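Have a look at these structures, which come just after this line.
Okay, so chain A shows up in both of these, paired with chain B first and chain C after.
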Partner chain A sequence: MVDPVATTAMMDPAGLKAIGAGLAVGLTGLASGIAEKDIGAAAVGAMAENESLFGKGLILTVIPETIVIFGLVVALLIS
Partner chain B sequence: MLKPKQMSRAVIVGHKDIMEETIEALHSSNLFHLENYNEDGSGLKLGRPFENAGDVSKKLIQLRSISSFLGVKKSDAPKQKVNTVLNDLESKLDKLDEEVTAKTEQRSELESRLKELETLAKDLAPFSAIPIEMELYRNYENIAVFAGTVKENVGPAISKVTSTYEMEYDQNTGTVALFVKKEDEATVSEILSNFEFRELRIPEISGIPQTLLAGIEKEEADILKQIESLETDISSIKEKYSEFILASEELLAIESEKAEAPVKIATSEHTFMIDGWVPEDGVAGLESIVNTATNGRAFVSVQEITKQDTDIIPIEYDNPKVARPFQEIMNLYARPKYNEIDPTTLIFISFPLFYGMILGDIGYALILLALAMGIKKMVKSDAVKPLMNVLIYCQVSTLIFGILYGEFLGFPLASLHTDHGTVPGLIAGFETITLFASPIAGEVITYPIHRTHIVMTMIAATALIGVLHINFGYVIGFINEKRNHGFAAAMFEKGSWLVVELGIILAVLGYTGTAPTQIIGIIVFLIGFVMLVKGEGVKGPIELPALLSNALSYTRLIAVGLSSIYIASTVNLIAFDMILPQGGIIAAVGAILVFIFGHALNTVLSIIAPGLHALRLQYVEFFGKFYEGGGRKYNPFGYIRKYTEE
Partner chain C sequence: MRLLQKLKRKSSPTHRGSGSNYAYATARVRAMKSNLLPRETYPRLMNMGIDEITRFIEESQYKQDVDELARVYDGVDLFEHALNRNLGVTFTKIINISEGELNYLISEYLKKYDIWSIKTILRGKYCNASVEEINDSLVAAGQLSYTFLSSLAEKESYESVIDALSGTDYYPTLKGYDGTNLSAIENQLDKEYYNGMFYAIGTPGSNDRKLFSKFIRTEIDIKNLSTLFRLKKAGVGEDEIADLILEGGLHLSMKEIEKLLPLPFSEFINSLEKYPYWEDISDIVSPEMDSLVDLETQLTRHSIKSAASFSHMYPLSIVPIMDYVLNKKNEVNNLRIILRGKAANLDEEIIRNQLVI
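Up next, the complex of A and B:
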């Protein structure tokens, strides 16, 4: 039998919120990283060919960054 | 402002006799963007370079190879008179070339000898403990010589098969020198192979290995010394000639540019025709320069710019001086086209604004301001200066927002009383003043604005800023489009977005019961939607959700700022936890170290994070709404002299 008192102590709402906020930032951070890695590699490759592509490369690379910003916003909303 | 410099197309025509004078005049004016002529079967041919072209470029190549060999760097050398440089160019260049060639030859000889010695020493090394002269290893008729390495002493095994042999064995390196009779060669070789015998190369040299090695070492040291003295000679040559090299390289580059210019120009048998672009305010100046140089024999005519020419008009920025550093940021993306709005002055306002909103900390602003000013003063590079200016503008904005937010290195300046207790401020007696209640989440707007306590309000406010900024982009897009394709196209492509947004706002107002506009809102939205499909095709509806994601993307203005605050206050917390309970010297030193390193790290992050995020908001969210870019750089035919003067 699970002790109900212990369960409530474990399931502290504030703690769960913190876990949720952490997951929101962490997972979206990973997602941004995964999305950016291919773009970044391709952008660096393109820049090696033609340096004037820096601006476009930077833009394309940071587009998925919005994901982690949303994660951060969600984390702020939770906590 | 908001527009690239107005350009005029000018064609200069004249007799070939005066081509040289004309080119000379154009080059010195540094105004005329020369348009390369392509042979198009109209009978006009490309010109031939001037007679001196070959000679000049030969000298230039000679000089540049010397310059790169010596490693002459750009410096603040005083300007030299063109005539003096020209007069002794020939003699000095030959002399310099001679000196440098002699030194390089000497050096490469020495270096190759050094390499030889190194190989020899490597070959000799295994024999060093064996006192047999090297010439004794060779040239026998009846004796077989084995010289090599074995894994252990092979002597006992050899003595089993033959008694007539001579052997030297070095325990340390495993080197063996074995002399046997020719007829025993096969048997001995078999035995040796059991001992993992590996033959060594015997260097073609005579003498005892040990003495030879000592001699080689001495010679190596000697050569190294000689190379060193050559290096000092070379660097003193560099010192002596570097001003001459810089000045004459510039001079020759100018001469070569002029001499090669005719190959870009259309010529007939007796005439030439130079086509190109001049800033509108420079036309009169150009005309008078060409007229004086040719006594009015060359004819400058300003052509009308046709519609298909607008894509190839070279672009020169035309911005007020304060906004000019931001041209670098524009160049990073793309130069504007001739007939679109140049947003440099707009990002001159919005980029520092966003940067300041994100960072908003007095401490970091002061640190970075000092840093940027210092770098600007110390580094004279033309590439760094505008970036430092951008950084300075950003820091001024950060300072203003820092005062607004009341933050210093992550500490709140004013103390704040909340339901959960009091947050003490850095300045004693500076109390937070309550201004009014925010309509969102029951938060209270105060002065200074405590960002960490009104997150919800800030998120809403930043998203609202986003909506405004994006719509500003649509309006500019509308103006661009109207200029290029007329009002209807502008209305369908850019105006439709505004209509869609209006529809959404009306519908939402109706839905929440604020105003009875739900139906009207939906109708307006549908009208906007149809316009959008007509203007942008399938792409329009697909991009519709971007309205929301783009606006939400501006929440980074608060989100990234909060992460910066939290890093700073964590550093402060750790530092103070170390020092507060018991104190002591070690704790104090540790706390100071944590404080300095933590804030140094956050300072670096404070350039990168707000900078990149503010930049991205310009590039992706803002420029995406109106900007095309891709204009050609205005690159006038001429040269900005650095090391010489007339």
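Up next, the complex of A and C:
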């Protein structure tokens, strides 16, 4: 038999919110990292040949950053 | 990190893409492609005199090569050397910027230039050419460096050249060279090159690999077609042609070619109608054709066109890099044709026919 008092103590809403917020930022951070990996590499490659591509490369590299921003917004909304 | 790598290796038993930097290499090569001369440049070059053309090349991406070689050579020779050197440097750069599987495939593909240079040296030794003459024709775009190749060219006899190559993959074939059977050895080297290429590709599982294999097999088709045209035109016997045919073509498999071999020239041309190459060559091919120059430029054009269309299908694969390699080679060839043609006072029409734009 599971003790209902103990279960309530373990499932502290504030704690769960914190875990949720952490997951939202952490996982989206990883996701942006993975997405930016190839774009960043490609941008550096293109820039090595043609320096004027710096601006375009930078913008394209940070586009997946939106993923982690959404994660951050969700985290802020939760907590 | 090590755990991650282990997991990655386990999940991909074929090592597909393991450690390859497709994104970096293809983006860089595409940026390099944008530095190639645009097609409108060639008609402009055709209208220039030789001095203007040399100045144009001096101011282009070949500047550094021209400057460095200006101490040793002059005139049209200087530009020929500069173009060759630039080709070598560019292709070595592609090998250097790629990693893993991509690097392996590109190095295998560029072995073509190693074979070209070995053939050049052996041919030079065969007809007693001077060291300078051999050095003039070397293109160090593969794994063998220019210093090594020119040290081979300095060797006294073909035996010592072959001995110096004893550590390479070509040695077993070269060992069979006895000073007389040069064409057989050359042919065998080519066949082994393509065998090695197919071994490197393996059984293509992914779509981009299939495309790369298609690219190589189209190249074989085009080589076989021009061999067939040349030898049929010269009336060479069936068996002799069969020896020179490369296996593994895309549309012209060995079986198909065996059917084409016994046909006389006019019927041979008619039977090409069912192949996709016909579309590009139908206008210029006729049983009475005198020169094969138009045909060969048209075939080269076809291979460049098909490489370009392949490269748009899978942007993150080896195919865009192959597309660049073909285009770069073509640019160097075109510039050389214009320079040499103008230097020899050839008619503009003749030079234009040779160009692949």
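FYI, the second predicted complex is superposed on the first by the 79 of 79 C-alpha atoms of A that agree within 3 Å, B and C clash if a C-alpha of one lies under 4 Å from a C-alpha of the other, contacts with A are read in each partner's own complex, and residues count from 1 in each chain.
Heads up, the rule we're going with is that contacts are C-beta pairs under 8 Å (C-beta built on N, C-alpha and C of every residue); 3 or more make two chains touch, one makes a residue touch a chain.
Keep in mind the model is a prediction, meaning the values are calculated, not measured.
By the touch criterion defined above, A:I19 lies against neither chain B nor chain C after alignment on the C-alpha atoms of chain A. In the superposed model, A:D38 lies in contact with chain C only, and not with chain B.
Looking at the shared chain after the overlay, A:L27 reaches neither chain B nor chain C.
Contact with chain B, but none with chain C, is seen for A:I69 once the two complexes are overlaid on the shared chain.
In the superposition on chain A, A:L77 makes contact with chain B only, not with chain C.
After overlaying the two complexes on the shared chain, residue contacts for A:L58 are found with chain B alone; chain C is out of touch.
Touch criterion met: A:A48 reaches chain C, while chain B stays clear of it. Residues 331-334, 455-456, 459, 549, 552-553, 555-556, 559-560, 562-563, 612, 615-616, 619-620 of chain B are the ones touching chain A in the complex. Across the complex, chain C meets chain A through its residues 21-28, 30-32, 34-35, 97, 316. For chain A in complex with chain B, the touching residues are 52, 54-56, 58-59, 62-63, 65-66, 69-70, 72-73, 76-77.
Those residues of chain A that touch chain C in the shared complex are 37-39, 41-50, 53.
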